[in-house]
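All chains are identified by letter, namely A, B, C and D, in their written order; residue positions are counted from 1 within each chain.
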C-alpha cells in the first residue's frame, strides 16, 4: 500500500452519502460506529468544558474582585461560590476529562489502531455514550432544582455532604450523586468494551507488544477505572442512604465514621488521576515519534512503567489524607509508596525526552502540544513531591499549591495532551486538516497563559491561601497576595480567550479545511492505513501486522517510516 | 495479566465471557468495598453481635438454600441448551426465576418483620449496613431475574443460544457467591 | 462455546453446597472460642464460594486471563481492608 | 520561592521549612536538567535537509540505562527526602512533648470554640473559660490542643506556625505547637465546611511571658497568684 494514495471519498460529506442508506438518525445520533461515538464523546466533552470553564471564570473573578458582580453571571455569595467550586471540579474531571481523553479517543482509536472493524460490542458502546449524555443532563439539571446544586466540594466529604442541614442543599446533592452513578455506569460499560475489544479483536500479527502505546495507556486506564470505582460506588450508595434513608454511615452522631468516605473516595481518587492522565501520556507517546521521525525510546520500559504505576496507584491513596485525622503513623508507609510512584513516571518522562535525541524534529502543531505536555508534566510531577512528602504537606495541603499542582498534571493532560491528540487525529476523524497557523497561535497563547495562570497558584499556596475560600480579603495574611490573585484571574481570562482561537480553527477546519490524505503525517500505525475519515468498517481489507508501532528511520526501508502493516520482501537471505 | 503475547493464546474465550468477567471484577470491588467497610466498622466498635441476634438465621438459611438451588438450576439450564434440549432450558430457566422470586419474597418478609419490630435503616450502624448490603444484593437478584426472564421469553421463540445462558449464569452465580458471604457476615456472627 | 467440555456433576456440587451451608450454621453454635468459630464459618463460606466459582462459573475450565480478572479484585479488596485496620480497628 | 512562606513562628516550623527548601532545591535541579535537555535536543535535532534521524529503539538494557539510571537517582533522592521528612513528621504529629498549657478547640459552623482549663488545669470544672475564636498562649510554652468538631469536618490551620490538622467529628485529635515569637496570628479553617467556610477565622495571640501573666490575671481575677503561677509553669494533670 502506498501512503500517497489520495484518500478516496475522503471528505465527511462523501462518507455521509456513502452511508446514506442507514439514515441520518442512525448515522449521527444513535450510531453504533465507534468513530461516530468517539466524535459524540468529543463534542459532549467540549460542550461540558464550556460549562466547567465558565464556572472557573466565575470563581476566578470572585477571588480577584471579591463581592463584585461577575460580568455575565452576577453577584456570587459564599453559598454560590461553594456550588461553583464543587461543580467546576466534578464537571471537569468526570464530564470533560474522561469523555474527551477516554471516551472520544479510546473509542476512536482502539479499533483503528488494533486493526478491527469496530468495538467488540457496538450497541453497548452506543449505550455507554447515551448513558453519559443522560448523566451530563442530570448534572446540569441539578443547577435548577430547589436548594441549588451540590456545594460540598468535588470530594463531597461527609458529614457536610451527608446531611442537608449543613449545606442547605437538598436535591442538588442527590442529583450530584446520581450523575456520578450514571457516569460510572457509562464508563464501566466503556471500559469493559475497550478491554474486550483489545483482548479479542486485534488484527493478525498484532501482539500485545506491537500495540501502540496509546492503546496500552487506554487499557491500563480502563483497568484502573474498573477496579477502583467499586469502593466509591459502595460509598456513594452509603452516602445516598445517609441522605435519604436516615442512616449514619458517615455521621458520627449516629455511630458512623466520616473518614471511611475519605478512604473509599481516595481509593478510587488516586487511580482516577491516572485514568485521566495515562491516555494523555499515550497521545504524546504517539505524537513524539512521528514528528521526530524516531522510534519511541524504550517502548517496553514505558509499558512496564505504566503497569507499575497502575499497580502502585492502588496503594498511595492516603497521601491525600495525611492531615485528615487518620492515624498519623499511616502517613509514613503511604509517603513511601507515593515517593516510589515517581520512579515509573520519571522513566516515562526520560523516555520521552530521550526519544528526541538524535531525531529530526518537525515543529508541527501536534508536536508543539506534545512537547508542551512533557514540560508541564515535569513541573506537575516535581511539585507533586512537595505534596507527597508528609511534613511539607502540612503547609501546602489544601492550599492553592495543591490547586496549582493538579492543574499542571490533570489540566495539562487535557490542554496539552488532549490538544495534541485533537490536532494529530483531526485529519483522521474529520477528513480535513486543521489550520497550522491558527494552531500555532493557539499553542503559544495557551502555553503562556497556562503558566501565567497556574504557576502563581503555587506561590499564593505557599503563602498559605486556602482552597475553596470565596474571599481572600477576609484574611489579614492573604492581603499582600491579592495582586497575584488578580494576575491569575487576568491570565485565566486570557487562557479562556485563547481557546476561542481553537474554536474558530475547529469550526473553520470542519467545513473548509484542506482535505486530508490517508496518512498526512507519514505515520506508521494502522489508523493511517485507512481513508480519512475511515468508512464504516474502517479497513478496505483487514490489515496484517508485521512489526511494532514506531518504525521510523528504520534502516530496512528507504523512506523514514515503515507502516506496521507493510510486508517487506527480504533483500538478502 | 496482559502479558500474553499471542492472540492465539486466548482466542478460545469469547468476547462476551471476557466482558462479563471484567464486569464481575468491578462488581467484586463494589461489594468488596461495602463488605470491607462493614468489617472495619464492626471490628472498630462494640455491640454489633447483640443487634445481629435480632436477625433470623433459620430464615436466612432457607434463603441461602433457595439461592444455592437456583444456581444449580441455572447451570442445568445451560447444560440443557448445550445438549439442544429446549424444553429443559425453559424448565430450568423458569425454576431459576421462581427461586429468585422466592428469595426476594422471603427477603421482603424479613424486611417487613424487622421494620415492624422497630428496626429500620436508621436504628443503628448494624441495621444501616444490613439494609444497604442486603438491599443492594436484592437489587442484583432482581436484575438477574429480569435477565433470566428475557432469556426465557427468547427461549420460547428459540432465539436463545447457549452462550447467552452461560453469560447470564455467570452473573447469577456471582450474585449467589455474594450471598454466600453476606449470610455468615450478617446472620451467623 | 464449549460443547465438548466435560460438565462437572452439578447436582453433586449442589449437595456439597447444602451440606456446607448446614455445617456453617451448625458451626455458629459450636462451643469454641469466638475467633475459632468465626474462622470456621468463613472458611466454610469461602469453600462454598470456590465450589460455585470453579464448577458453576466454570472457572476450572478457564485460562489464566479469566483467573487473573477474577482474583485481582479480591486481592485489592483484601489489601484495602487490611491497610485500613490501623485506622478503624486498632484506633485507641 | 521560599520567601513566599509566611513568617515562621514555631519551634518545628523550621524543620518543615527546611524540608520544603530541600525539596525545592532538588526539584529545581531536576527541572533545570530535564527542561534543559528538552530544549537542547529540540535545538540540536531540529529538522534539517538531508539528515535522517538515528534509529535507536532503547529497548536494550545498555540503551535503556540512559533513562533507568536517572530514574534510579530519582529514587535515591526520593528516599532521601522521605527519610529526612520522617523525622519532621514525627516531631509534629507523633512525638507530642509534655504540655505546658492545654486548651480544647471545638470547631463548629463557623467558629472556633476555645476552652481554657483555668487555673486548676482541669477541664470540666467551674473555672473553665470559653472564648470564641480567641486563642491566647504564652511564647515558648508547649501548647497542647485537643481538637474536636461539633458538626462537619474543619481544619485547624496556623500558617505562621506550620500547623494544620483536620478535625473529624467523632474523634478527638491532639495537636501541639510551641510558639517562638509573640504576635497575633490568624487561624483560618482550611477544609470546606459550608457557606461560612470563607471567613471562618480565629486569632492566636502569642503573648510574651509577662503579658501572658497579665492576661491570665484579667481572665481569672478571683484566683490567687499561686494558682496562676502554677498554670503558667506547666500542669501535671494529665
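In this text, a residue touches a chain if its C-beta (ideal position, glycine included) is under 8 Å from a C-beta of that chain, and two chains touch if they have at least 3 such contacts.
Quick caveat: nothing in here was measured; it's all calculated off a predicted structure.
S.K.: Applying the contact rule given earlier, which two chains have the most C-beta pairs between them?
M.R.: The chain pair sharing the largest number of C-beta contacts is A-D.
S.K.: Averaging over Cα atoms per chain, report the distance between chain B and chain D in Å.
M.R.: Their C-alpha centroids are separated by 48 Å.
S.K.: Between chain A and chain C, what's the gap in Å when you average each chain's C-alpha atoms?
M.R.: Spacing between the chain centres: roughly 38 Å.
S.K.: Averaging only over C-alpha atoms, locate the centres of chain A and chain D and give their separation in whole Å.
M.R.: 32
S.K.: As a quick test, compute the distance in whole Å between the mean CA positions of chain C and chain D.
M.R.: Result: the chain centres lie 46 Å from each other.
S.K.: Hey, what residues on chain B touch two or more of the other chains?
M.R.: 4, 10, 13-14, 18, 22, 25-26, 28-29, 32-33, 36, 40-41, 44 - these are the residues of chain B that touch more than one other chain.
S.K.: Mind pulling the residue numbers of chain A that touch at least two other chains?
M.R.: Within chain A, the residues that touch at least two other chains are 199, 227, 230-231, 256-257, 259-260, 267, 329.
S.K.: Pull out every residue in chain D that's touching 2 or more other chains.
M.R.: Within chain D, no residue contacts more than one other chain.
S.K.: Can you give me every chain pair that touches, using the contact definition above?
M.R.: Chain-chain contacts present: A-B, A-C, A-D, B-C.
S.K.: State the interface residues of chain A toward chain C in the complex, per the touch definition above.
M.R.: Contact set of chain A toward chain C: 199, 227, 230-231, 257, 259-260, 263, 267, 314-315, 326-327, 329-330.
S.K.: Help me check something: in the complex, which residues belonging to chain D touch chain A?
M.R.: 1-2, 4-6, 15-16, 19-20, 23-24, 26-27, 30-31, 34-35, 37-38, 41-42, 45-48, 51-59, 63-64, 66-68, 70-71, 74-75, 78-79, 81-82, 85-86, 88-89, 92-94, 109, 151-153, 155, 157, 159-160, 162-171, 173, 185-186, 188-199, 201
S.K.: Which of the residues in chain A come into contact with chain D in the complex?
M.R.: Listed in rising order, the residues are 77-79, 81-82, 85, 151-153, 157-160, 166-168, 252-253, 256-259, 292-301, 323-325, 328-329, 331-332, 335-336, 339-340, 342-343, 346-347, 349-351, 353-363, 371, 374-375, 378-379, 382-383, 385-386, 389-392, 394-399, 458-460, 462-464, 466-471, 474-477, 550, 552-555, 560.
S.K.: Which of the residues in chain C come into contact with chain B in the complex?
M.R.: Residues 1, 3, 7, 10-11, 13-14, 17-18, 21-22, 24-25, 27-28, 37-38, 41-42, 44-45, 48-49, 52-53, 55-58, 62-66, 68-70, 72-74, 76-77, 80-81, 84-85, 88-89, 91 of chain C touch chain B in their complex.
S.K.: Within their complex, state which residues of chain B touch chain A.
M.R.: It comes out as residues 2-7, 10-11, 13-15, 18-19, 22-23, 25-34, 36-37, 40-41, 44-45, 120-122, 124-125, 128-129, 131-132, 136.
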